[in-house]
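Listed after this line are the structures, all set down as structure tokens.
Next, two complexes with subunit A in common: one pairs it with subunit B, the other with subunit C.
So, the complex of A and B:
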């Protein structure tokens, strides 16, 4: 078990609700190699957040095991150190902001790691830079005076300041405006590329998942329904709809056109779909640039 | 997903909510001062479905909170059913007319059990117990939470809690429902459920809806769209009017709906679609494409 990765081995988890048990994960097995960008998609209540919380030991399996960098998260000693390795950005992380200034909030983690004030300052500046914010500009103001999108990014910077090797984000784009979504998604992609961070993105937006991921994990009612690269995972549109999901817009458009008798290949991004449409247009003698 | 046509012209009626030269500044009682709203004047008529769009930090949530007196103006006035929101005696009445679904459901889900949470609102309004039961049953069925009636709210997922918050307000049967990004954590199916429900209560029961949203597609359900831009009401008009101004929307950091982006992408490459103002959904786009391909 020495591979640098997150590995779920036959993991089951139940929430205990008095007399009743609700199964949130059922026999989940999954390997996430180091340096991968994985998206976990699924309907509300399909077990995505429960899966995320297993990645850094906040929850430990009722049955089965989770290994992070080869270490079993169920062991107390491992669990206590895990937060330095796996950064978990929870749903609406801006709710966890608490310090008087943006700088102090992002610095909370590094200070707890006993970094010197100089190192802390460097870590904070770097982390804010990664999410597109300038420490000099906003470091001294209260995080509560920022807009929703900025608060979100400050909260994510607070996790990044711990320099985790794995970043797990639970619906980080929910509630952001389109340009904010695009920016954060771009920053995650860059962080993944430049820093080699392993990223696990929890989302139910297929367009977002399609834009950034190496692989997609589809969850349905606590089980993993499918794992693989985009084109393998986007089963039939109907199957996805039954799970409460939706194909990316471009894929729906191309399938609609195919249904009308046009010969088009599959595609998952707008650019790809535009190419397909222009190809037909040119074949019909239309002029395009 | 297509929406039925909004209700007919209702402008002859008296407005349900009027905003006049509304200003709001945070930090008036100490702390950093920041102007969030500047000189907003607009009317909301009974039966309107208004979509409020705008980038993060443009003042959408602040505006929403003025509609049921959670915030009161620093300058100007907000009238709800001819009641001034700054008069404390009016607040109770105003809040029974205008219900609010917050961005973050944890802010408004309070009871120990899902069905109790839904019952809380109507009970507080003094609704008969038998009627409360009927409403709870009804809205839990409508929002798809029926099977979770006996669960504690904390055992629901983020998206399910959003549905619960909505169910609680729906059970109060207000004249107007203000929703601040009610679908941000929902999957496409539940998002569609909520949108269908909103359209239904609006078109069939005439409930006035004010929907703050980041999903441009959701704005298509509205009869009017307000664009918030840096604390001001930058634009207001019909869906067609507002979305035909591509340049402006992009300038303030909004993204066009996917179908419109596609139209633009194609036109940049020399394929111009004639009827583009009316393209909102993938089906519209396919129709148009079939004409030219």
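So, the complex of A and C:
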């Protein structure tokens, strides 16, 4: 069990227990090994955020168990310390900013860890660097004066400064402009590669999921519909559509070409689609540039 | 932490109580509350409690949900019972330190907390069965005569309506900021008072900032839909009193009249 980083065992969770019960998770079982980059995709209300909050003990299962690094999150002692191991970036995390300066805000977590001022300083600089910001440049500015994208990155740095071994991000890309999305996604990927931390990315965007993850978890109405690598999960476009999701753009493009009688194989990333299109082009006697 | 608190939140329904004119609900509940406060005999309070419970039945609200939503009130009710039983002089039953618990104290404390409970039930019934829009419409209509005195009635009603509908949103905001800061190690559950106080800052600042931002957005959205403060605004559903509304008013007014006659008969 300890080799698995996060393990959900038959987890069910309901909101408003007692009155007007809403089932958010129904009998969810899932294993996320150490060092993996997993995306959890699903439409609004599919239980993604509830799943995310179970990862660091903000919520604990009504039924079933969640284990993080082999420890049961339902135990009070485990639950209280879990924030040190699992960093959870909530939806619109920029709402949690409160300190007078960017530096102090990012330092809030490390100070709660009782790090010394010097260690804190290093953790803050490092965290801001990971999200592509310079501590010297913006450390002394008020976080409220930053742009939306910068605020988001500062908030994520606030979690990274805890140097968690698992990072759970709930819709971190929502509301960012295309360049902001691309940059943040790239930084996440880099962080995963360099630091070897486990990343759980919650999103409803298949393109983002396809671009970065090793494995994909598809959720629908509180249940896990499919788990696996891209190729396996993106089997049926129609099924995904019924769940309020969509294949990645590249996959739709390739299917569209296949529908018009071109011989292309399946693919899920833009690079892959470009290769397939070039193949058609070459087969027709065109010259590759 | 805030799950299940529904104070001041409307619960949709189709009951008689839901259908009463908001003015009737406001005035009727005020009349009943006045009666509960004026009546001095336990029998009288009992009659008002039965009336309140009868209205609760008529509202078709779930009892468990209704009373769960009032759980903060119970603390106040219990406190008033305790304080009262210490502070009224009379026949001493027990001594706790330098305090005396008296028979008269317990009796008046019980009556007071009983009254409080009935009043809370009555007023919650109004907010549970009336949308904030309807509530402020009723208040606006009732206060309209004061407009001649220069009181900005429609603005006040709008402010009231917005305040009421923002309460659940604020609780949500609090909840989400609490979880976010907990993820960064803020210990809101800490027993240490100084630590708790220090922890308020990371909680209050984002929430206040969030509320200001929401207020800003709301005012822009209202202006975009041509809201002008003070301009005469008609309503989609103009209020209109039906026979059931007059009956309810008559019943509650009569109850109060009987109480006043019985309690203050020396006046006549």
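In the analysis below, the second predicted complex is superposed on the first by the 285 of 289 C-alpha atoms of A that agree within 3 Å, B and C clash if a C-alpha of one lies under 4 Å from a C-alpha of the other, contacts with A are read in each partner's own complex, and residues count from 1 in each chain.
Here is the rule we use: a residue touches a chain if its C-beta (ideal position, glycine included) is under 8 Å from a C-beta of that chain, and two chains touch if they have at least 3 such contacts.
Predicted model, so just to flag it, every value in this text is computed and none were measured.
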- Sticking to the clash and touch definitions up top, decide whether subunit B and subunit C on subunit A clash or fit. clash
- Query: Given the touch rule stated above, what does A:96 touch, subunit B (first), subunit C (second), both, or neither?
  - Reply: second
- Please name the chain, subunit B or subunit C, that touches the greater number of residues in subunit A. B
- Task: Based on the superposed arrangement, let me know which partner A:178 touches: subunit B (first), subunit C (second), both, or neither?
- Result: first
- Task: Determine, under the contact definition given at the top, whether A:70 touches first (subunit B), second (subunit C), both, or neither.
- Result: neither
- Message: One more residue to check, A:256. First (subunit B), second (subunit C), both or neither?
- Response: first
- Message: Which partner chains sit in contact with A:228 here, subunit B, subunit C, both or neither? Use first/second/both/neither.
- Response: neither
- Item | subunit B versus subunit C as contact partner of A:186, first or second or both or neither | neither
- Message: Applying the document's definition of touch, where does A:273 land relative to subunit B and subunit C: first, second, both, or neither?
- Response: first
- Query: So, does A:58 touch the first partner subunit B, the second partner subunit C, both, or neither?
  - Reply: second
- Would you sort A:83 into first (subunit B), second (subunit C), both or neither based on which partner it touches? second
- Item | Stretch of subunit C, among 115-123, 205-213, 223-231 or 259-267, that runs into subunit B once the two complexes are superposed | 223-231
- Query: subunit A residues touched by both subunit B and subunit C?
  - Reply: 15, 91, 95
- Item | Footprint of subunit A on subunit C - complex, ascending | 3-4, 62, 64-65, 68, 173, 176-177, 179-187, 201-202, 205-206, 209-210
- Note on the structure: As the complex stands, subunit A meets subunit B at residues 15, 17, 22, 42-45, 49, 91-92, 95, 141-142, 145-150, 171, 174-180, 182, 204, 207, 241, 244-246, 249-250, 252-253, 256-257, 260, 262, 270-271, 273-274, 277-278, 280-281, 284, 286-289
- Which positions of subunit B touch subunit A when the two form their complex? 26-27, 31-32, 34, 54-57, 61, 103-104, 106, 151-152, 155-160, 181, 184-190, 214, 216, 253-255, 258-259, 261-262, 265-266, 269-271, 282-283, 285-286, 289-290, 292-293
- Residues of subunit A touching subunit C in their complex? 15-16, 18-20, 53, 56, 58, 80, 83-84, 87-88, 90-91, 93, 95-98, 108-109, 112-113, 144, 158-159, 162
